[in-house]
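In what follows, chain A forms one complex with chain B and a second complex with chain C.
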Partner chain A sequence: MPVQDLKGQKIWQRRTGRESISHWIMWLIGVAIFAFCWQRISETTTWFFVWDAPRIANDIWTRATPPRWEYITQLGQPIWDTLNIATLGTIFSLILAVPVAFLAASNTTPSRYLIRPIALLIIVSTRSINSLIWALLLIAIIGPGVFAGVIAIAIRSIGFCAKLLYEAIEEIDQTQVEAITATGASRWQVMAYGIVPQILPAFAGIAVFRWDINIRESTVLGLVGAGGIGLQLSSSLNVLAWPQVSLILLVILAAVVISEWVSAKVRGAII
Partner chain B sequence: MTEASIRIGQPWRKPHFIKRPWLRWTLLLGFAAYLVAAYMTVEVNWSRVYEGLERGKKFVLAFTNPDFTTRSSDIYEGMVESIIMTIASSVVGIAISIPIALGAARNIAPLPVYLICRSIIAISRALQEIIVAILLVAIFGFGPLAGFLTLSFATIGFLSKLLAEDIESMDKVQAEAIKASGAKWTQWINYGVQPQVMPRLIGLSIYRLDINFRESAILGLVGAGGIGATLNTAFDRYEYDTAAAILLIIIVIVMALEYLSGVIRARVQ
Partner chain C sequence: MLRLEKLVKTYKTGDQALKAVELTVPEGQVLALIGPSGAGKSTLIRCINRLVEPTSGKVYLGDVELTGLSSGALRRERRRMGMIFQEYALVERLSVMENVLSGRLGYVGFWRSFLRRFPQSDVDEAFRLLDRVGLAHMADKRADELSGGQRQRVGICRALIQNPALLLVDEPTASLDPKTSRQIMRLICELCKERGLAAIINIHDVALAQMFVQRVIGLRFGAVEFDGPPEGLTPDVLTTIYGEEDWEATIEAVDDDEDDIEVAV
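Presenting the complex of A and B:
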């Protein structure tokens, strides 16, 4: 215990002298890095605009309120598109993620040294690139529209779904699998009767959870031209129609809240 | 007759995942109806898709031959800006979210403070980064300051919520022991609460750093600084080899961060 002996009187301290010095140096380095970063940001900022920001914010607020409620009649189709992007994208991604998850889980993978790293690479690379970037890429390849959005969401979700699913596969109860194997079941039968029933609740939970996230992400995909309500948002922003922007933002907020509520209810029912 | 005697002699059938038949059939039928409706309304220009496959192939091939050199100065500047935004916003975001997390933990904060902090968290979580970035770019002008503010704001919702949940599930006994020794409120937090949640806080902070880096890559699309602007330009000009190089750098940095966070979390826990 770090105790300081001060003229025969012992005082408890939280850290030893060495520890406190190393802590102090770590804080110093951290603060120095932050100061450097802040300086770089500050250099590239036009501070005049920042000091002017409250006035601009106030200006935008007065322009944006009240929202243009009649515009909601034109938002039906974009909302339906957004829902389709999220739902179809989730379905496609689950179809792709299931085999990847089985290849990545260390207890079901056919080859631990060859196939498993490839599956893990697929998981990491699809997860680390945002759906907006996938959408940009797919628009350059297959043209703007809802389909590009669906594929972008599908690719982006593979990593997330496969990661959670392979963790669920690795945590299954091995005794059930052994019991099925002992009856003389083939590899596929073991899969269908030993593994799948154990991961089905996790699978349903992951599907709904990802669907909720995908609703969120698909609302903004239109900003780069991949369909959905984001298209309306970007065109309204381009013509500075702030009352329409505020209405669209309210609709997006409502969609996010509703989808979160639905997903929480469904997951609560499963678990 | 008991249930068992009915079943004797019948072959075993796999139980269904959803046990109530009416619920199962409504869900299935509803799902099928939705799929049909979606299929009817989603227009796919298949000839355009078919034409695009050629470009898709070119892009996939570009990954085998990424071009780091032609636009190296643009890539370097964008990357440095992204990293700087990530670090600065993580530091500020974490610093702000700690008091909010304390306020949002029901076992520490009184009810009015709790409600205020919870509503801050709810607002921050409901707004997507990219939408916040659009608004902040409109208000503060182009550049990394808008991106920095966006990421800090998004960090608050994420970190405060998870940290508050951890504080709420802490061991009360230790905190009470500190209180019983006559500690002031600050001492109570410092010696009773903080040591219990520190491992989780460090883990979450590093996880958030990772997320902030990923998000900083797209903020450039709306003018909020970072590598996104360079990436967007590369796509617009069909320079797939440069785009592939940028994506590879992002993937490598994310993988490194994930590995680092794994090591650090294993050490603190």
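Presenting the complex of A and C:
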């Protein structure tokens, strides 16, 4: 109790004496760790390059502007590929995520102790690996190209979509499910009438949200050879064609802005 | 028609919601189930159609014993028991028509129901019922656009389109205003009479129950404390069901209410 009795007057403090000492010690340790890390990083940093950074950045900026506008004729196909990778990848991932979500939600899973942990494992494992790494793995397996990109995006998105969807399934109004069950409906009919209408808005929201994220992710897949505009970006960087790089970045920016706009519109329409 | 034998429900937490309840409901009888919150009213009607699995005891619907049925046979028997809920329990994002037709799910295969291709006779019956409760013009509206009283009427249609022999009604009026409550109770009781249906109605409002039913069951701590006609609910009886309280006002209110109705008509 941080209340002390001093000559009949009750004095209240936020922490007791021992608590505030331990609090100060924690802060001291924190600051010490920070100072130590700062020193180690400083030792291994070539400070010349850091001090030089503004000049180099300025140098690159002057080389990159103006963008090489005529290069845009060669970017149409790659940006189209990128959009397709994102869209197809999202569709495939949704097809796989829906059953996983139903198996993972505690109120629809057929077996809480066997199947649910497996579904949760699928969700965690697909989510924990970045799509760039999936793409590297898949290029080794199925060769470079757009298809590897689509599969990489699809696998990476399963966990995300399934997780949000199973949370939506767990939050449904159970009395509606009860009412459909009470009519003598079968398990599948209960799902189609009692559960699906309730999660449909969440499903649509998740789909456009993930599509939006996937457009951004698929722009970099080309860096490792999985198709799309990243391929042009990496080859332009390799030959130090800065005006092309700046144009590519502008095109990516435009694509992302448009996708954000579309997904905001769609979500607005659903809710 | 419905017979409960030593029906017991003990929840996992150890709470005994029903203690060997014995109850027989003859054909076409409408009875009210009253009792304090937590007395086991909801549990009792959910044990009948096994939305809640009873721990022991037997439930006979006609000649069929329900507690031992396989899931397929249970679904066939559930078609004979229409259920009406407190918060209406309509599927909010489906249309009124879809909600009513969902009462036929037990009769229609998965793909037909999934594609909303119900038999024409079901659609005809749905329109007839909606017309009977005065909602024929609402068939295309989404369920969440309706008012409370309208939603409960749709809930009634959904239960009746099952062509049931028994209605299980769980607090039909608890979310409604007093006037709508009476209209809904009157509608349920009229429809039961028209179709010769038996009904078990869970209800908090003692006065409302006395107004409409032929028989009252009082439940307390999962056991039947009172079983008799509505006139038998004296202050002493209400005290044994609910505990000590001044009951005169409640019972007098019934007489006043009846006067009100005559005036209103």
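The working rule: the second predicted complex is superposed on the first by the 247 of 271 C-alpha atoms of A that agree within 3 Å, B and C clash if a C-alpha of one lies under 4 Å from a C-alpha of the other, contacts with A are read in each partner's own complex, and residues count from 1 in each chain.
Quick note on the criterion: a contact is a pair of C-beta atoms (placed from the backbone, for glycine too) under 8 Å apart; a residue touches a chain by one contact, two chains touch by 3 or more.
All values reported here derive from a predicted model rather than from experimental measurement.
Once chain A of one complex is fitted onto chain A of the other, the partner contacts of A:S128 are limited to chain B, with no touch recorded for chain C. Contacts of A:N84 after superposition: chain B is touched, whereas chain C is not reached. The partner of chain A that touches more of its residues, comparing chain B with chain C, is B. In the superposition on chain A, contact is made by A:V146 with chain B only, not with chain C.
By the document's definition of touching, of the two partners only chain C reaches A:I180; chain B does not.
In the superposed pair of complexes, A:W188 makes contact with chain C only, with no contact to chain B.
When the shared chain is aligned, chain B and chain C each come close enough to touch A:L200. Of the residues of chain A, those at positions 193, 197, 200 touch chain B in one of the two structures and chain C in the other. Interface of chain C with chain A (complex): residues 49, 51, 75-79, 81-83, 85, 87, 89-94, 98, 102-107, 110, 113-114, 155, 158, 162, 168. Across the complex, chain C is touched by residues 173, 175-176, 178-186, 188-189, 192-194, 197-198, 200-201 of chain A. Note for the complex: chain B touches chain A at residues 14, 17, 34, 38, 41-45, 48-49, 52-53, 55-56, 59, 80-81, 84-85, 87-88, 91, 126-128, 130-131, 134-135, 138-141, 143-145, 148, 214-215, 217-218, 221-222, 225, 228, 231-232, 235-236, 238, 243, 247, 250-251, 254-255, 258. If you check the complex, the residues on chain A that touch chain B are 30, 33-34, 37-38, 40-42, 44-46, 49-50, 53, 56-57, 60, 80-81, 84, 87-88, 124-125, 127-130, 132-133, 136-137, 140-143, 145-147, 150, 193, 197, 200, 204, 216-217, 219-220, 223-224, 233, 237, 249, 252-253, 256-257.
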